[in-house]
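First up is the structure itself, then whatever we jot down about it.
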Amino acid sequence: MSRIGLWLVGARGGVASTVLTGLAALSQGKTRPIGLTTELPLFAGLDMAAWADFVAGGHEIRTIRLADAAMDLATRSRALDPDLVEQVRPELDAIDHRIRPGALHRVGSTIAALADPGVPRDDSPRDSIARLRQDIEDFAASEQLAHVVVVNVASTEPAVDPSRLPATWDELEPTLDDEACPLPASSLYAIAALESGCSYVNFTPSLGSLPEAIDQLARRQKSRHMGRDGKTGETLMKSVLAPLFAHRHLEVMSWVGHNIFGNLDARVLADPANKKAKVASKDHLLREILGYAPQTLVSMESIESLGDWKTAWDHIHFRGFLGTPMTLQFTWQGCDSLLAAPLVLDLARLTDAARRRGEVGTLHFLASFFKSPQGVAQQEFIRQFEMLEAWVKGRKT
Amino acid sequence: MSRIGLWLVGARGGVASTVLTGLAALSQGKTRPIGLTTELPLFAGLDMAAWADFVAGGHEIRTIRLADAAMDLATRSRALDPDLVEQVRPELDAIDHRIRPGALHRVGSTIAALADPGVPRDDSPRDSIARLRQDIEDFAASEQLAHVVVVNVASTEPAVDPSRLPATWDELEPTLDDEACPLPASSLYAIAALESGCSYVNFTPSLGSLPEAIDQLARRQKSRHMGRDGKTGETLMKSVLAPLFAHRHLEVMSWVGHNIFGNLDARVLADPANKKAKVASKDHLLREILGYAPQTLVSMESIESLGDWKTAWDHIHFRGFLGTPMTLQFTWQGCDSLLAAPLVLDLARLTDAARRRGEVGTLHFLASFFKSPQGVAQQEFIRQFEMLEAWVKGRKT
Amino acid sequence: MSRIGLWLVGARGGVASTVLTGLAALSQGKTRPIGLTTELPLFAGLDMAAWADFVAGGHEIRTIRLADAAMDLATRSRALDPDLVEQVRPELDAIDHRIRPGALHRVGSTIAALADPGVPRDDSPRDSIARLRQDIEDFAASEQLAHVVVVNVASTEPAVDPSRLPATWDELEPTLDDEACPLPASSLYAIAALESGCSYVNFTPSLGSLPEAIDQLARRQKSRHMGRDGKTGETLMKSVLAPLFAHRHLEVMSWVGHNIFGNLDARVLADPANKKAKVASKDHLLREILGYAPQTLVSMESIESLGDWKTAWDHIHFRGFLGTPMTLQFTWQGCDSLLAAPLVLDLARLTDAARRRGEVGTLHFLASFFKSPQGVAQQEFIRQFEMLEAWVKGRKT
Amino acid sequence: MSRIGLWLVGARGGVASTVLTGLAALSQGKTRPIGLTTELPLFAGLDMAAWADFVAGGHEIRTIRLADAAMDLATRSRALDPDLVEQVRPELDAIDHRIRPGALHRVGSTIAALADPGVPRDDSPRDSIARLRQDIEDFAASEQLAHVVVVNVASTEPAVDPSRLPATWDELEPTLDDEACPLPASSLYAIAALESGCSYVNFTPSLGSLPEAIDQLARRQKSRHMGRDGKTGETLMKSVLAPLFAHRHLEVMSWVGHNIFGNLDARVLADPANKKAKVASKDHLLREILGYAPQTLVSMESIESLGDWKTAWDHIHFRGFLGTPMTLQFTWQGCDSLLAAPLVLDLARLTDAARRRGEVGTLHFLASFFKSPQGVAQQEFIRQFEMLEAWVKGRKT
């Protein structure tokens, strides 16, 4: 039975520590597989890795201990069960030894300020890629892995306009020596992964593998990738509710969404440069699903007392028959990291399953997992899920 | 150009008066077609009636004036625009003259108490059917109609167990003379309509055309029918949101829904016999979509001050990854009659369009309009809507 | 330094186990005194017991272990910190040994069904009082207590109409031999406490010490008592918000309150007989504060997944200037037992402080703690709190 | 019977047009006095003007018609009854003739951009005061008024720090010729009113009569004034709810308030300079009532579809007993102008009543009407209301 690597970028953050706590718990049968799409009956016959097949490592710019990060989610946020964290502490400690220093290219000053002094800051993009790649390849070799899936779960970088970038890999590659190269760390990780023949998944709104040139690299390397920005809470709700208004021909006049939460991601998003990338990713679906642009507002504010609990309040003001205004409001109270973590595991599993079938390039069938699915125009959640169903049914033996 | 009859059962209720106000406004171009599914681009090429083609009449057990019912929605509930009601008053007054006394078989004591003394109470089911049929046929003849669609928008009758009924029309038909015949008024209207070759649509949770024997009658008469219970608010939300939990494998532990509103329907539903039928219709989808039965609670309470405004508060308690409980709450504030009315118009139009293609029997493609779609197991709104899309695309020239 | 007894009726319930966990934590300085009114600066100079002065015991009809009840609140409901419960386990185990079997007179079949077979069921009221009194007096003697405050935190009994009872103690006392004596257990505990010279506080909507005859007993015994029904959540909100509408002359048309929770109290309140008493206690203040009776609705439903978390959704529909309807909605998400417990501790402390000043009879100054304060017409929370302030200021040296 | 002038600054805004519609309706007995504090039984014996005694005029910088402004509230916002507006149209048209051009000193560029070209822009403060004063005195003379109460209901000006101003009138007065004089229009209106012996009430967060030097002027002129910022919705809720947390010793960790609305005030508050003054006024009470500073967030966003309907969503995260976090959320849906208007009428009436008793200077007893009551530290609504009660009881014959 082959072992599969799960290499997390941002390996000691809230999402990663939850992913890794969960992975240990699943491997040891200590939890029911709630929240995992790939555990639905639909996937029963699919050739995919078992949870116990996965070996984890990653990049990180901070020096906390993984078990402490998980325990903080248990005690400060009441998100994880402290008992469970205690039980998997040995596994988390073991993973800590497989975590290497990350990269800081164009992550913005707020993220850079969080980094350990030992994280390299002055390397050229090319040098960083080489270092990151070596880390991943060392991991694969020492752990004797059949394949490695790299998943970016680091904090959101400031937005980069992909249209400013060269359209082909042959044009982009030479710019890696240039100090002015606009590629942020998320893209350097993507290039490192793809050059090594690993798969890359971007769970954040950062640029990652979005550029056309990097997709070209993936296809050239016969590897695969997908992104961007895991669809976990408020935006998931938008992609479920907006079709209701669209298909019933109810006119959405305004859609206001206020998000409050208190984890590290919230503090990073307090920086307007980082926030802009996130808001764009949360906001575009409405006009794409509705076919017109209602007035929208998306706020994200760091409220420390909430810890990992993200509360979203959405107010949807719509016009019904004969023009009468009506209102739908919802309040979503979920743990940010616990909503994200099972998606990361599902994505790792499905990306590896795609590899088993020899698929390369952009994995469109994973659209339902993302706020801004690369290469996919469909934004309705159920229709995206049908893409996944079709893929499973069309391919499984 | 052919004229189509729209015959409403419960023709002076809140839904009917809104339907008729809206139909007049649409015919005269006095309103934008918000809330009407058949006005989406999808339906552009479909052979269907224009709003101005419709002529309305109906059955009713009360003696208020239609324009007064509409104006009450404008002034007491602030649901309709009083100016618009004033503008269409002549049309509403004209329709008043085409409304005939309804039937009271097994409607329950609460509904019966609302009826005008002149409404026949002691006729046999067979005699009532004959009378109702004559009313509809007179309407068709005097108005020179190509077809009549009968839509039941009357208050909810007490529940009748369809399994108690004979399975074939040939067995059911002889029981119509029997005083013990369990068929409620909604089924008598259905039989009257179908025997006349009209179409029948049941917009309520009442029995209507649900019995297998009545479907047999429809097919024998080469007519068509569909039901039950228009999906307008809280249950529409359930059929949109439950798939989210199902496909993300999030475990719904409990789903509580409290509905408060203050119109006549609310007062009828204060009767436990009538309420039971409604609650059953609002409650079954969750377990059908989820595949298991969370604890559910559906309350409907008459709060007079709300008038036609129905406020639903739903509290969904679900378990996420690693068993952590999370919560989604929503508040839906909509006008009951204004949410229902455009669906009634869409159903009339689409039922007639099905006739134009020679379709008979149960019209499964209309499932997305109903809380308990007859003959359809699929309860997810988007997949039901895809049935409608397929029908439109498959059939239009 | 004198030791004070805290004798809890319902000593292993959710409220009691939280009170006792909290008392141990406070005595040992393991928690900040959040939620305790008597820890406000206002009370700084008052002659009152320290938390470490209290010794606890009680009556109970079930046989679970106190520490298990507390741990259930920690693990199933995520209400208490499991670590803290573990730390105070020895204290809880010690208290377990001071808990005696309670009484079952007229507690209703739902509560009776929860009782251990060993709890006496056929004693006369008089015999029960004698037994309960002996338990309390044994506790006082063996623990060398200066005073005992008995607090009823058991589940709600079915309502008893106090006007059916004799108005004087001399008339009521002889009926205690009578099988038809309508006094429920809560009143027998009250009589037992007061006859022993202990204080009695009724934290539930049960009858307790409400009857005029029992107040007479208290004054005769130079003891003191107060009740009924701790004001912890939704009703506390009503007593805070209704004055806003009253003083701004805004017309409350309807006030709907839905409560969902999943602890033992919720299951007891699923019995209509028990629920009726609770609803009455939650409902009366609105008309007393407003001076008129808006339409009200109070529902309480047992939703198992919520455990000790009580969620209240209130919808207040009011008319503003020129008659325009407006809406206030609130959602209160609190732990039932954790909201109640500090009030129980405050009441024990303040009742004992009243004893130190020689006060007897009904303790009106405690009104702010109760939904239905005995002998007090004032229902506005802030004005009730001012009664407490005046008492503290008027009395302290 | 003496006639009293009500001179509104911002006389064609949403609040003013509602005040004037309401005043006409009240004078003619066309509406019940809902929302008017002075119509409570408490005020029955007070020497105060009848509604029909009031004559209205005002200053305004725009040139719409008053009746059109009122009708816009009826049709676009569904806030007023269109029938009622129609009925009082003659009164509104008459008032239109008594409205004079306002002033634009330091109102900020957003407000200035709304002004009619004919409004003077280059006058010195002193010249403006002279002009405004002449307008008010002409009004008093031509309408034969016993007294005029000037109420500022114009949009919020950018904040001015009062500590930058001279502390005495004798020092402030000479600066009025100076171009650098920092007094905004709201203060010029105050000075004009007070110099004429009129009363001045500041219903906005603008500077108005706050400066110590202007209070000195009022006392010197034997006139009276009060402010600032009418307490109508979310902040009113804060001043009612925060005492609950304070007196129960529950620890508020964070209080987030999001306000969305779509009237002209909302558009003015989209300007950060103007918004800052408003947020400060909405935010300070929490720490004053609680005695510590929880994390707070106050947002106000212009959502056009809402018109005059202001929806506030507040999320209060607090710690209960043993440190357990709990949550209170509320949603307030009210019409901004209809909540403000009755307070303006009450304030005019009570300010005139104070004059009848010879009171001069700052009217502290009006604190309950304001978010930031001048000269009053008490921020709890009920205790502020008790100040009003005491004033009424202490003074009435």
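Order of writing sets the labels: A, B, C and D. Residues in every chain begin at 1.
Simple rule for what comes next: a residue touches a chain if its C-beta (ideal position, glycine included) is under 8 Å from a C-beta of that chain, and two chains touch if they have at least 3 such contacts.
All values derive from a computational prediction rather than experimental measurement.
K.L.:
Mind listing the chains that sit against subunit B and also against subunit D?
P.N.:
For subunit B paired with subunit D, the chains in contact with each are A, C, in label order.
K.L.:
Going by the touch criterion at the top, tell me which pair is linked by more C-beta contacts: A-D or A-C.
P.N.:
The comparison resolves to A-D.
K.L.:
Centroid of subunit A to centroid of subunit C, CA atoms only: how many Å?
P.N.:
Chain centroid spacing, subunit A to subunit C, equals 49 Å.
K.L.:
Roughly how far is subunit A from subunit B, going centre to centre by Cα mean, in whole Å?
P.N.:
44
K.L.:
Tell me, which residues of subunit C touch at least two other chains?
P.N.:
Expected reply: 78, 327, 329, 331, 333.
K.L.:
Report the residues of subunit A in contact with subunit D in the complex, numbered from low to high.
P.N.:
78, 253-254, 256, 258, 260, 295, 297, 299, 301, 303-306, 311, 313, 315, 317, 325, 327, 329, 331, 333
K.L.:
Per the contact definition, I'd like the list of subunit D residues that touch subunit C in the complex.
P.N.:
Going by the criterion above, the answer is residues 18, 21-22, 25, 31-37, 39-40, 79-81, 84, 236-237, 240-241, 243-244, 247-251, 319-324, 326-335, 338-339, 341-342, 368, 380-383, 385.
K.L.:
Applying the document's contact rule, which stretches of subunit D touch subunit B when the two form their complex?
P.N.:
Checking each residue of subunit D against subunit B gives 78, 82-83, 331.
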